[in-house]
Structures are given as C-alpha cells and as structure tokens.
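Down below is the structure, laid out as structure tokens.
Per-chain numbering from 1; labels A, B, C and D assigned in written order.
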C-alpha cells in the first residue's frame, strides 16, 4: 500500500520535474519558481561583490544562500529518485547512474557541490562565491533555442577548429612581427612575444583598447595589414554559427515535412490523429507551433497543386494510352 | 444629403490616409508631406538641444512644435474617423476600437500624447523634448522593408533569446573573473562585479574604449580568452538577421511563385488578369515589381522547358504505349 | 579610300578599347597599361601630400600629371569616337550620346574634367589634387567581381534602407539618451545632442575610440544597452551583402544551367557548338571557366542518372503497358 | 634480397607518412608525435623571446632546436624517398620532382631551410628565430577542415578581390578626406595622406585605438560617415567565408549523395560493399562519418517514400492503362 503510494508519488514527481510532455499548471509553476530562484542567485552573487551592500545585509544574503542550497539539493535528490520512471522496463539503478552521468545532472551537481565541499575543505570565500555563478547553467534546461544553438556549435566544431587554428597562427605571426619591428621603439610594451600577444589579440578581435599601439612606421604598416586580415576573420565564427543555425532549423523543418508526407502516403489521413503526431515530432525537434502549422499547410497545398497538375495533364493527354488529344 | 457627402468624404479620407492600394498623386503628396514633417520634427528636437540655436530662435521652434502637434492630432482624428471604411460590413465602433489597439495607432498616439499631457501635469521640459523623438517611429508606416525586418526579428526571436542568454552568461562570467584577478591591482576600477561589468560589455561587444583595461598578466590572459570568445558571439545577431532576412524574402518569392503556378493550372491563363493578381500579391508580400516580374518569367520559362522535355521524350518513346522507338 | 581606312581603324579601336569579346595580346597590353597608369596616378596623389617628397620632385610630379591627363583625354575621345561601332545599324551620334550618359563614361569624364576646369576657374590646389583620386573609379571597368558586388548592393537596397533607417533611429535615440544622463557630469563633451552623436556613432559601430565615454552609472548602463543592441546591427549590412552575393552567384549559375538544359532539349547536341554558347553566357554572367565547366558536367551527369533510373524502372515495369513484371 | 627489403621498407614508410588510407596505431603515433613536436617548436620560439627564460635555459633551447631540425630533416628525406610508392607505374624521379613542387613539400622545406642556410650565410639571430615560426604551417597537413577552408578561400577569391578593392578605395578616400579637413587642426597627426591612412585603417576595421581621432566638427562628421560605411564592409569577408564554407560543405554532401544514388541505380545494391565506397568518397571529400551516414539514410528513406507514393498512385489509377479507378 505504502509502496504503491510511493510509486505514484514518484511518477507524479517525474512528471513535474522531468517529463517535457507533461504540461500542467503546477509543473509550469515549479519551472518558473526554479528559473526565478536561479536568476536571484546570480543576482545575489553579483550584489555580494559590492561591499556596502554585502556588509549592510550580510544576514539576508546568508539566509538566502542557505535556502537556495536546500532547494537545489532537494531538487537534485528528487530528480535522482524519480528518473527511474523514465523507461519503466530498465532497472532502476542503471537509469539513475545514466542520469548521473548526463550533462544536465552534472550541471545540477556543480551548482550545489561547492557549498557542501566548504564543510570539509576551507576554500577562499570570494572564489567560492564565484563558483555559485555556475548555477546559471541550470537555465539551459528551460530554453529549447539554447539547446539548438549548442547542437549547432557541436556540429560545426570542425569549422571552429579551423578558425581557431588560423586565429592562433595569426596571433603568433602578428605578435612575432610586431615584436621584431617595435621592440626597439617601445622596449617596455613589446618586451617579448608573449607581451606582444596582448596587442595582437586586442587588434585581431577589433577590440582596440588603445593601451598598446605601434608607433614606428614599420609597426603601423604591419599593424594595418594584420588589422585588415583580422577583421576578415573576427566575425567568421559568428557567420558560421548563423548559417549553421539557419541550416539546422531548415533541416528540422524538412524532417517534420518528410515525416508528415510519409504519414500521408499511408492513406489513412486523419487530421486530428496527425495533429497529435505532428505535435510530438514538433516538440522533439524544438520547433514552435506556428512553424509546424505552416509546414503542414504547405505540404497539403503542394500535394493539391500536384494533383491538379496531373489532372490537367490527363485532360490534355488521353488517360487510357497517354496519346495527345490535340 | 449631408450624410451622403460625409460618407463620401470619409471614403475619400480613408483612401488617402489608410488604403495602400489607392495610389494617386494627391495621396502621395500627403504621404510625402507627413514624412517631411516627421523628419523636420526630429531635426528640431536635435537642434533645440544646442543652446545658442534654441535661445536664438525660441519662437520659431515653438511655432513649429504647435503646428506639428496640430497636424499630427488632425491626422490621428481623421484616421480614427475614416478607418470605419476598411471593412464596410463590420460595425463602425468595433473597427475604430480595433484600430486604436493596433501598433501603428499606438505609435501615432505616443507621438502626440506628451504634448497634451503637458497641459495637465508639469513634466521636465528637457525630458518632454526627448519624448517628441518617438515621432520618428511614425515613419515605420511608410517603409515596407522596415516592416519585413521587424517580421524577421519577431520570427527569429528564439535565436535572439538564445544569443542574449549566452551573452548574459558571458558578461556575468567575464566580469566575475576579471573582478577576481584585477581587484587587487586596480581596486578603484574593478571595485565590484557590477563595476567590472562595464569592462565586460565594452570588451565582449568589441567596442574597446580603453578607459578600463586589465593590467596584470592573469587579467590580460583572461581578457584575451574572453575577447576571442566574445568576437565570435558579437556578430551573431547580425548574422542571424541577415540569413533570416534572406530566407524571409526567398519564402515570399516562393509564395508568389506558387500562387502564380496555381493560377496557371486553372487553365484560363490570361496575362492581363494574372498581372493584376500578381500585383496584388506582390504588394501584400512587400516585393518590388522587378522581382515579381522575374519570378513570373522564370515560372513560364520552366514550364516551357518541361513541356519541351516531355515532347522530346514522346518523340523517342512511342506516345501510345511508351515503348522505345529505338 | 581614306574613309574605308578610317572605318577600319575605328573598328580596330573599338575592338581594343570597348569589345569584351575581343581578347588579343595587344588589347590586353592596352588594358594593363591603363590599369597601371590609374594606379600610379593614385599613388602620385598620395605621395604629393608628403611635403618633402612633393617639393623634392615637383617637376616630375607635374610631368607625370600632364602625361596622365593627355592619355586619359585621348582614351576618352577614342572611346567616344569608336563606340559608334557597337551596334552598326544605329545612328552614330545617338550611340555616342547614349555612351556619354553611361556610368562608365561619366567616371571617365570626372577623371579628366577637374584638370581642364582648372584652366578656367581657379580651384584650391589641394582640393584639386584630391579630385584626381576619382580616377581610381576607372578601375571598375576591369573587375567583373566588383560589378557583381555593385549589382548585389543595388538589388539589396531595400534591406540597406531598412538597416540605415534603424541605425539612424538608434543614433538619434542613443545620443538623446546619453545627452540627458551625462550632460550634468560632462557638460563639455555632451553639450548638445549633435555633440553626443559623435559618441553614439563611435559606439554603435563598435569603433570605440575612447575619446568620449560615459562616466556616470546611468550613462554606463545606457551605454551598455546601446552597445549590445548596436553590435547586433553593426555587422548586418555585411551579412546582407554576403548572403546577397552568394544568392546572386547561385542565380547566375542556375541561369547558365537552365540555358544549357534548354539547348540540350533542342536535340542537336553538339559539344563544340555548345561550348561556344556556354562561353558567351558565362562571360555575360561574369562566372569563371571552372564554375561553368562544373555546371555543364553536373547537368550531363544528372541527365545520365535520370536516363538510367528511367531504364531501370522500365526493366521492372513492362514498357508496353506499365504493368509490374513482378 | 636487400633491394626487396628496401622496397618493403619504402612501402612501409610511405604508408606511415603519406598514405591517408593507411590508418594503424603506429601511423597515428607518428602523426601525434610530429604534431606535438611542431607545437612545442612554436612554443619554444615564443619562450625564447622572453630574455630571462632564454638566458636561464639557453642550452636546453639549443638542444631542442637541434633535435627538431634533425627530426624534420629526416622526415623530409623519408617523405622524398618514399613518395615514389604513390603511383607505382610512374617513374621514381618524376614523382619525387612533382612532390618537391607540391605546396606541402615546400612548407616542409621552409621549416628546415633557414637553419641550414645559417651555416653558409650569417642571418640576424632574432630574424632567424621568427622564421622558425613557419613550422606551424606544417600542421595544415593534419587538419582536414583547414584544407576545406583554404579551398573555400581560393574559390571565393573573386569576391575577396572585390572587397579588398572597395576597401582600398575607401581607405584612400577616407584618408584624403580627413587629411583635407583635419590637417590645419592637427598638423602633426594628419601631416600627409600616408599618415592619415593609419587613422583610416584603424577606423574602417572598427579597431579604433583612439591614438588618432578627428577633433574638428567637419572631421567628426566625415569620420562618422566613414565609420558607418566601414562597419558595413568590415565583416563582409567573414560573411563571404561563412556562406562559402556552408555552400562548400553542402556541395560535398550533394556529391556524396549523387555518387550513392548512382551506385543504387546500378541495381546490385550491397550495403557492405557500398559502405566501403561511401567511406572512400567520404574521406576524399573530408566529411565526417556521422554526416555520411545521415546522407545515406536520407537517400534510402526518400527512395522508399517515392516507391510507396508510386504504389499508392498505382492503386488509385489502373496500373495497366493509367485509367482512374474512381
């Protein structure tokens, strides 16, 4: 009896915390509460760094921190406990172990671990505070577009590798060159290649603080060349990400379109039933409702156009043998 | 009789002010006059901030402001009155209420409201002047490409959300990191995380004023890392917008193409009649004439090519049975 | 007799100077000589601004300038004279008048006009020199990729309009806002909105000289907001141009492909003859040889694949009636 | 006997050093060792520029340099010797000569040449050190995505030409303009056009050090105009590269897809055999395994969908005569 109640409770907890398909008012409230708590935590870390705020309300900050750790710890344990409901046929502990190794579980752990570690080891207080900023990563769970962006980054890692490699070559070349030509004029600033690298990074990324600039003519010519090349490279990762993002979304739309076409071919076209299926795929792919609806209408419209074109062609050519009627 | 004249006047006003399909010399003159008035208003606000211009011609500025408010108020009332002509079958006041809630009507209201508010409440004069700058938003009505850009921004809001979220994470992380490593060397500049955020924003967006720069080696290494990552993110929204804009225009061209194809299938191909239909769709989609013409010619050309390919295939294979003639 | 010789000379001049299809060793030499002369002219203008170079070799600079004007004037007159050969059936003077109004002829005129104007009016010498820089525009004639870029810019003018409009709104808003909040702290720098605009432009374009920066907290918050928004807009024109360029080139490739397909349908496929036609279209579209060859091979390959797929289908289904053989 | 062993050794060396298809544990170890050595070489060059590091461990740096030269020389000779195995039917020395002229062989030569040159000529030590940085180029051999990027750059050279040309025009125009208006106010900084070019480059690339800024009103207006135009151009090469990279990868995927389709048409579909072929093409095109698998599955799925659509159509229309059954 108690066991049955526990299982029901576990299923309920799973639905609230982990099941994306379960979308009730209560589960949303829990989500919004956690998002709000994460954000106030980040705000608190920032506020604590201002001395007169921190020393004025030290107690409140500590109460809030303790409350946050409690909530995040309970959330972590509840997730660990309820994740066994995900695939009821797998063994309980194997699923838990798999969840523990998942990126989102590791982020949850990192969010609470430093606070507990502090009981055993003595960590520098200021450093500990900054570690609490990792809690911001817990937000990734709630933003589907952020997950898509991460997928794109991982898919385009080959291009990024190439860009970072070229950037490194350019930084090394630029700093060595400027070191050669400016070393005599500004021995302090361009004392060595590692020191010249600060100038190279600031210039190639077009930040240009102006704290270090070439003053010799040779240095300025070299600097101009490097700047022109650098400006062509600086925006490249952003460009790769932008086109990658567009392609990823186009691919997901194509995937939805194809699945819908496949379901249409099966003949038993039932709009209500299809709507459910489309909704399921849509959620998996992270598309919003409007986009999915557009795609479905587009497919239906194209098929109608095709059907009509075939009929017109049939009118002009005899349907029995294909002979032209003209 | 008077009522009939009033209705005719209302219809005339509606055509001049609201009906995009109505394109006469007079309606264009009204448009250009309003555009000119909006722009001179903005110029006036800017000029008033220069003391020796303002105190030298105080009266002229005030006359111009009063004239502008009068014109914009009359425009607002005429629009409210004549909008009832939009859909003659709807009740008059419901349509007016709907128009009042539309974004363009709200912009019109914001453009004149502060001036009237000033009669009742005493607002700081300088602040009031700046509010008049909102009149620039009235220009959105006249630029179709601007509306398309706004549509793209609203469609890509998911991606922007993700980018802004990542940017926030990076700003918080960067400012916390630099606060940790530079706080001892520059206690004034990096006094707290909120103060360090100014450096983080200026660096991540590659503006790089140079008023705040890291001076320790650790700070420079951290700064270099953040800059390289930041430069990859800074141009991302622009990239997303650019590809989004290209996709949006491509979609609109496809939409026009498909509607034209559908009208062709119906058999009764009549170029003059089609031209009208194409023009109507074109205007709705915000494409220019040249683009629409290109699409129409392309469709006709492709259909001709298809027809000829079918005929050639018929020549090589018997049209009666499909058997090869070779 | 003399008339015949003159006509032959005119035709020869036309081929050398104006006919892109005429590609001999001599016509190339003339092109390279003119390109070299334009570039050395620009270099001379730059060099003349350095006082000790100019006063050291004043005579040489003047000799070179006189020589250049002579060459460019003769070139202009020869072009005007020989352009009558372009379309032999048109009247001579109408063609010349049309050429005079063409952009490239206007550029040629601007390149020599100031020097002749100097005989009649007394222009400031330094300003006159700078005007000679317009000669650099004569280079546009020789770079096909530059012409494509100009076509893209003119096609995307709607998007640029929208971007510049938004940029103007942002500059006006940003400078008004910073004027409000920083005017008291830095009355010199943010004395009026026009003065604050310098800061707004430098910030929104992410240049960030650092000569003008906000110092109040409110100013820094406003500055951070504007910077984050600005960085999203700054790279937008570049993004629009890049995608526009890619689309333009893709369109030209499609155009070439379609023309090649159309010539294939006509049945009398003759590779040598087609090669000529492809080369002609290729040159008109500004594609290079490699790209054109790739497209032709791709079309032939796709048609071969289609043919084979049709044959395989014929094997599986009876070609006489379409009945399945399985 | 010895000759046979030598040939076997040469073949073994060829497989280890040159054959990309030969992928064993030992060949990978050799690759990783060489990559590691190149990177430590670059690190050493950078470290040597720091005086107290260099003079503290002068001997170690020299030992390491000698060891590196030895390894790279042996590698170069082994490659030259074993390359004869590439195409066994060609003559040995012709292949070696062809390899010597290849870009990757030239990079290998440049990496070791300065060190040997030093025996004969007396080169400035510091300059010699910097030349060793070219060893970083040896890494291109090991990164496929870098090679793809270089292919894209060479394909888009037309666009880059146009961009650099426009950039040059803008730099010349901007520096001439600012020289005209700022020369009187800041005769030191804007002494001549070449000096003003430093400002133009720093501004147009949006680096904006702030060491040189316009101070007159005319200069600021000109600066603002140039900045707004410049910001539209600065990110253009990056945008072109990003879209070019996306197109190049899409083209390679299409190429793989078409080759797979062609192999499918041949009828004898054998997944295992196809897998080998796909793997070979995949490696040549520089795609990763995941992408290739996705493409293959997509093609199979589309063909299945097409087959089913044909069958459904056959159900609705009599397959014997094409007459509708309704």
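Just so we're on the same page, a residue touches a chain if its C-beta (ideal position, glycine included) is under 8 Å from a C-beta of that chain, and two chains touch if they have at least 3 such contacts.
Everything numeric in this text was worked out from a predicted model, so none of it was measured.
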item: Contact-richer chain pair [A-D vs B-D]; value: A-D
item: Type of chain B:chain C copy interface by residue overlap (half), same or different; value: different
item: Of all other chains, the one whose Cα centre sits farthest from chain B; value: D
item: Superposition rotation for chain A onto chain B, Cα-based, multiple of 5°; value: 90
item: Chain A-chain D separation of Cα centroids, rounded to whole Å; value: 28
item: Inter-centroid spacing, chain D versus chain B (mean Cα positions, whole Å); value: 39
item: Residue numbers of chain C (touch at least two other chains); value: 206-210, 234-235, 238-239, 242-243, 321-322
item: Residues of chain D that touch chain B when the two form their complex; value: 206-210, 235, 238-239, 242
item: Of all residues in chain B, those that touch chain A in their complex; value: 158-159, 161-163, 165-166, 169, 172-173, 175-177, 179-180, 191-194, 203, 206-210, 213, 220, 223-224, 227-228, 230-236, 238-240, 242-244, 247, 258, 261-262, 265, 267, 314, 319-322
item: Residue numbers on chain B that touch chain C, as the complex places them; value: 42, 45-47, 49-51, 126-127, 130, 133, 136-137, 139, 143-146, 148-149, 164, 167, 197-198, 201-202, 205-211, 234-235, 237-239, 241-243, 245-246, 288, 301-302, 305, 308-309, 312, 321-324
